[in-house]
Amino acid sequence: MIDWVLLVIAAWIGVGVLGIAALRQFKLVARILFPLGGLIGLALAFAALSALPRAPEIAILPIGLPQLPFHLRLDSLSAFFLLIIGAAGAGISVFAAGYFRQGAGTPPGLLCCEYHLFLASMAMVVLADDAYAFMVAWESMALASFFLVTANHKVPEIRDAGFLYLLIAHIGAIAILLCFGVLQANSGDYTFAGMREQSLSPFWASAAFLLALFGFGAKAGMLPLHVWLPEAHPAAPSPVSALMSGVMLKTAIYGLLRVCFDLLHLHLWWWGVTLLALGLATALFGVVFATVQTDMKRLLAYSSIENIGLLLAAIGLGLLFRSYGMNALAALALTACLFHVASHAFFKSLLFLGTGSVLHATSERNLGHLGGLLRYMPWVGWLMLVGVFASSGLPPFSGFVSEWLLLQSFLFTPGLPDPFLNMFIPIVAALIALVAALAGYAMVKFFGIIFLGQPREENLRHAHDAGPWEKAGMLWLAAWCIALGLLPNLMIQFIDPVTRMMVGEGLAKQAAASGWWLLAPTSIERASYGPVFFLLGIIAASTLAFLLVRLFYHGHVRRSAPWDCGHPWQTPRMQDTAEGFGQPIRQIFEPFLRLQRTLPSPADTKPFYKVVLNDHFWHWLYLPISRGIEYLARQVGRLQQGRISIYLLYSFITLLFMLFLVQR
Amino acid sequence: MNLSGLLSQFLAIMAALLLAPLLTGWVNQWRAWLQNRSGPGLLQPYRMLRKLFIKESVVAESASPLFRMAPYVAFGCMLLSCAIIPTLSTDLPLSPAADAIALVGLFAMARVFMALAAMDIGTAFGSLGARREMLIGFLAEPALLSVLFTASLISQSTALTEIVENLAHRDFVLYPSLAFAGIAFCLVSFAENARVPVDNPTTHLELTMIHEALILEYSGRHLALIEWAISLKLFAYSCIGLALFFPWGIAEAQAPVALILAIPAMLFKLAIGGFLLALIETLCAKMRIFRVPEFLATAFLMAVIGMLTHFLLGS
Amino acid sequence: MDNLITQLINLFAAVILMLAFAMLSQRRILTLIHLFTLQGLTVVASTVAVAYVTHQHHLYYSAALTLALKCFLIPYLLHRLINRLNVRWDIETLINIPTIMLIGIVLVVFSFNLALPIAKLSASIARGTLGIAIACFLLSFMMMITRAKAVPQVIGFLSMENALFFAATSATYGMPMVVELGIALDVLVGVLILGVFMFQIREQFDSLDISHLEKLKED
Amino acid sequence: MDALLLVFLTPLAGALVLALIGHRAYARDLNVVFSLGTFLAAAALTVRIISDGPLFALDKQFFIDPLNVFLVTLTAFVGLSTSIFSRPYMRVEQDHGKMTPLRMRLYFSMYQLFSFTMLVALMTNNMGILWVAMEAATLTTVLLVSIYRTPASLEAAWKYFILCGVGIAQALFGTILLYMAADRVIGDSADALLWTNLEVVKMQLDPTIMSLAFIFLLLGYGTKVGLVPVHNWLPDAHAEGPTPISAVLSGLLLNVALYAVIRCKVLTDGALHSPFAGNLMIGFGLLSVVAAAFFLSRQKDVKRMFAYSSIEHMGLMTFAFGMGGPIANFAGLLHMTVHSLVKSAIFFAVGHAAQQAGTQIMEDIKGLIKVTPSVGWGLMLGSLAILGMPPFGVFASEFLILTTAMRELPWATPFLLLALGVAFAAIFSRVQEMVFGQTALKPLAHPPALLPVFVHLGLALMLGLYIPPYLDVWYRQAARLIGG
């Protein structure tokens, strides 16, 4: 199977090279190469699907370092992530076929090349079985996505965003590299197989864990390292944002899982608590910021931060259970995590693609200038609604299942032997519920402001719906959101070998025991959820109501102007704005945000009101660091002050110092 | 699944559909009496529904299909929630389809649909109502979940029927955690059902209304369905409360006699509950909208403390 | 006889050290060149003495080479240079001279200390003078640091070369001939290039004050 | 043996010929021809080494072993590509009136002479001749640095001369002490400075003398390597000289100086039986990496910035060799190779960019990718490569160095992390602004020589993904030789 997967990756690279060959042939690139890439993604998804339950397969490529050729391994964990990459990538590629427009800027062929290299490197990341191959794929992924982010490099903000992104990615990558340095334990064996053999002391294992947390956290957008994410994701073209948010962030989760559950054998309870706390903080932070955003892509980017927080919390819980040897529960938490990985991949990609279509139709990213698009872009609108429901964690869509599983695993914590943790965890569960509810708030705001109400600008009335390619791509992703939500057991069957590999337990048996339609991860008495019946119930009740009302009464409807409260001069601008919709949250969570407000005085003839929301971390962490480095650089710069005598003096003093050293 | 299960399921759904407006009428009647008014009569909600069904629906020109869909979905959600809550019996074939967490999800689904529908028209009030509704929702939802968590921590299950059976079958033990949860639940219920300290169901004063702003654009059969859904919601919340804190009298599987006895028991409990609700509504004043988050944060806190006490004092 | 010559070598060493101090404290350029020539001569003399005692013939060649280079060619070039460039004025040091002298004495003590264990290992009869060679090296280094004009700095550099040559003699009996030749060639070319440089600097800045050469720096 | 002689006789002949006719128009091509000859000779030599193994020449005064064979080839190769780059570059400089015929003659002959001295330094077996060649390398380049006769270039050249002169004088002292130590073991013969002889008896060399000698040698040659705090000449000389010279200084001369340090370290380690030499190198290396990173973040001049980047990388290599051991040494050698390839490629790109903008100030260079995409991409990819982005080879060596350091010297890794992060921020933020964005630049009159840029980057890319087996064997043998 691994040969097929490699073939698929090679095919992606090949498409990329073809893109370079057809640098400016727009039609060829858009109508043939991108759909081809999508098809290849589909093939990857199938290959991964069939590889999931199989035993690990190993391949060695003849490239790499002399003693360290690229080792690749296709095991369940990597197959699962390949499935996500392939399936989400397929939809996004098809969308991209219709998305990229001809015009100035980066030539389409180059974009195509970068795009497919990005896909290929992500696939390589999850396949890599030695530190070098992993790092090469990891950084290639960062690099390819950086060039995609800066596709429109004439805008200074985009350049800044790209820079910040690559900088943090690079520092994170160095941390990951150091983590591998710890894991190889001076054996000189950089293969993961060699690392599995090592048994590290708690100190070194913790060092490896913390370095991995830092490195992968930087990529994932974990709390203090998240600042690049809301800058870079909006800056990129929408299919790229979708890939980055939906798929690339997951590779960081993959890395964390790989290091924590595969390469490290030791698990300390405080790792789990650390992850749990960081994840929770990230989720809360992300969702609060998402609700107050006024830029639609930024809102989604912050929502990605929130989801990453949830994923980290789930991993933390899994680690906690694992450290106490409660493997079945660890499997439950990890299943929740992996399920959410899949579900977030699809709904976030879908939402980002939708914003792309909106952007194309209106050239507007600011929520304050959008509105009422459901009428002009029904396809995009309704498909996005699916994504919005999934993202808000509403049953019976995919987001709810992962949330449900996560909360279930929290409810099992009373089994933990540590009373302190027992108290700590319900609070986390409650806060997770809060995050989920706030996500709903953010998503209602997102959808409502863009698609509902009256168009806030006149030109929105000329917005056109997405083209067939775009529709097809979004339809594919939306179908996944629904399918995952309705048939969670099927997905859990796929996740089962993965958790079995990581913690030796899986959910599939119990889940299958109560029938395909009922999700009961432990036992049906304990908890169960049947999304199909759930959906049927709602549909039956609604339809019945509909039919009965028709039957007994009538179906007549009269159209008229909305009620104007006796104030006939209503304009669309009187609707609630994005700022207004976020205002309650802004008020409640004011300490989270760094507010800068300019208020008009009562006597102003042209009153002007402005609120700027900033990130505390930027002011408390990043600016001081940058100032500190600047200060140090100034001090170090004094060494080079131009005078040759001083330079000679350095040499002289160094000489004397060393002579003095050796004399002792 | 068997015949008695199907029967009790059917009974539960019919009871909810038929009794929900009655409960609303009962509460309104008591409110009137407590405020020295003569009430509109117990059956007023039914008359209201009938009138609305007959009347023509006026829909705004700018409304999208979402707007017309929302009442049906909300109604469907509420009906489903009534079907899975053990009102009369714990032998509910539909109950495995949704546990406590899914129940909260169901409420959220209805809320999101209503909020989106309210924003659809594009009037100032619609989006104002949607915003306020979501504001209440995002605080009430985790609080409600935490209440349910407390109960499920005690009974080791999140399935509602299991919780109820478990609670009903234990020896009578005072759970301090349930006390906190109970207070939290009350607070949440007030907020979620748009009752007085948070919202006034009878007001149409623009500045203070929350729920009414949401449904301002609805008329005719759509409004009827929404009103019915609201009644069902009140009914559902009451039943959750009764099931969690006073689970006695609810029938179990294969017990047709108990099922028949359960109906009067439920009616009795609901009657008392309705009276208490009316009493509290009369005694309280409506609070400013900015105070609502504090109110709900208290509820949330109470629920969390409930969970903590469960661990602190043991079970 | 050998004993006498060994003492003579030690005497030369002392003279070299003295000359190094003298150069360190000298303010006049012309005298500086003279002192440098004198130092070169002393080095040559001590080399010849060592060669005589040890019958190391190649030392004669290197002595001759040094004589030609350090006592005739380079002083001649330097004289021409200062005549052409007309830079005969007194030179200022960056630190005042008594301080320099004090630091110099400390350096001498330090170098003696440093050389003590090594000198014992040397096979050369002039091994006692290794400390003096190191001291001269460091003193010339000091001179380069403390002078603000180009010419004295160059003289400091060349005197450093003298100290190295002396060290080679005192540690072993000089370097292999091919290396000696290479070193001599490098020194010669170096001085020529320096000469070219000084003209260029003079042309650009109208002065040989190296305080003009402080523009390239971090700000 | 013939090939070995040809390797350094060709540039010597080239120097003589070009000194006479360097002002002619065809001299540019002749320069390339001589460099090509050198490269072909080196290639032939390499082929012979692959088949026959190490060899000696001229009474053992010259030799080729795994440690210098790849450096010789690399030097000849970079010399060739720099001469190709010089053609259009110097033509533009002539058009701008910066180069007179006399200066052209000086430039070409010194360029060849510089190749000659470096090749001699690399191939000689005699530590004394190594010193002579290093000094000669300084002397040949010092006039090239000041070739424009601007005040700044004169100042840079003066500092280069004096600081490197003093440095190299210390190295001479070290060599004398080395000879003294050898003298006691091997006896007073001309062969006592032959490295191969010394290597045999290194265990018997006196530790006291050797530790002293190593200090002088490290500081002496370290000055040429550009180790902080004796690096001060380096940024000035790189920034003010013609760009081809910056390329060879950074790409080759620093390597040769580090090579000399490594040779000395092997002997010192043998004599001392302690990690003394390694510790000193670790200290200098780390200091250089960190200080250079902070220097980097305040640069305005593009060539100066990349000069500091060279200091950083030389520091990293010194650090690696200081750690020692098969992996770190291997990484250090690999880093030497890729750094010189990538850094010279960057200087080529920077040279063209600076000529387009008419300035080296980075704020005035903008939007290269718009005007000449190839130069822009060359600069962008080169910078990413030098910053340690895979799949370029620099990453491969940094990977090995950092992972080894994590277990060998965990305390050093935070500093490395900090330095690499700061350096990345410093370089990349500026390169991005130069490459991307709107532009007012104009294309060059003569087509830029981009073949060298992309061939270098291609090779660096290859080394990140595939190291040819014989190169690997050399690296490993050399790593074993260096030991530690």
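The first chain written gets the first letter, and so on, giving A, B, C and D; residue counts start at 1 in each chain.
Following the convention adopted for this analysis, contacts are C-beta pairs under 8 Å (C-beta built on N, C-alpha and C of every residue); 3 or more make two chains touch, one makes a residue touch a chain.
Treat the numbers as computed from the prediction; the structure is a model and nothing was measured.
Q: By the touch rule set out at the top, what is the minimum number of steps from subunit B to subunit D?
A: Steps on the shortest route: 2.
Q: Quick check for the class: compute each chain's Cα centroid; which one is farthest from the centroid of subunit B?
A: C
Q: Please state whether A-C or C-D has more C-beta contact pairs across its interface.
A: Of the two interfaces, A-C and C-D, more C-beta pairs touch across C-D.
Q: Which integer distance in Å separates the CA centroid of subunit A from that of subunit C?
A: It comes to 69 Å between the two C-alpha centres.
Q: Between subunit C and subunit D, what distance separates the C-alpha centroids? Give it in angstrom.
A: Here the centre of subunit D sits 31 Å away from the centre of subunit C.
Q: Quick one: subunit A and subunit B, Cα centre-to-centre, how many Å?
A: 35
Q: Distance between subunit B and subunit C based on Cα centroids, please, to the nearest Å.
A: 100
Q: At least two partner chains per residue is the criterion; list those residues in subunit A.
A: In subunit A, the residues touching two or more other chains are 637, 639-640, 644, 648, 651, 655, 659.
Q: If a residue has to touch 2 or more other chains to count, which residues of subunit D qualify?
A: In subunit D, 158-159, 162, 166, 212, 235, 295, 298 touch at least two other chains.
Q: Please output the residue numbers of subunit C that touch at least 2 other chains, ranges allowed.
A: Within subunit C, the residues that touch at least two other chains are 114, 141, 144, 153, 210, 213-216, 218.
Q: What are all the chain pairs that meet the touch criterion?
A: All touching pairs, sorted by chain label, are A-B, A-C, A-D, C-D.
Q: Quick one: which bits of subunit D touch subunit A in the complex? Just the residue numbers, please.
A: 158-159, 162-163, 166-167, 170, 211-212, 215-216, 218-219, 223, 228-230, 232-233, 235, 280, 291, 294-295, 297-298, 326-327, 369, 384, 387-391, 395-396, 398-400, 402-408, 410, 413, 417, 420-422, 424-425, 428-429, 432-433, 436-438, 464-467, 469, 472, 475-476
Q: For the complex, give me every residue of subunit B touching subunit A.
A: Listed in rising order, the residues of subunit B that touch subunit A are 53-54, 56-62, 64, 66, 68, 72-73, 75-77, 79-80, 83, 94, 96-99, 101-102, 105-106, 108-109, 112, 115-116, 119-128, 130-132, 134-135, 137-139, 141-142, 145-146, 149, 152-153, 156-159, 162, 206, 216-217, 221, 225, 290, 293, 300, 303-304, 307-308, 310-312.
Q: What residues of subunit C sit close enough to touch subunit A in their complex?
A: Contacts found on subunit C: 94, 110, 113-114, 138, 141-142, 144-148, 153, 210-211, 213-219.
Q: What residues on subunit A touch subunit C, complex-wise?
A: Per the stated touch rule, the residues are 637-645, 648-649, 651-652, 655-656, 659-660, 663.
Q: Can you tell me which positions in subunit A touch subunit D when the two form their complex?
A: 62-66, 131-132, 135-136, 138-140, 142-143, 150, 153-154, 156, 159, 162-163, 166-167, 170-171, 174-175, 177-178, 180-182, 184-186, 188, 190, 207, 629-630, 632-637, 639-640, 644, 647-648, 650-651, 654-655, 658-659, 662
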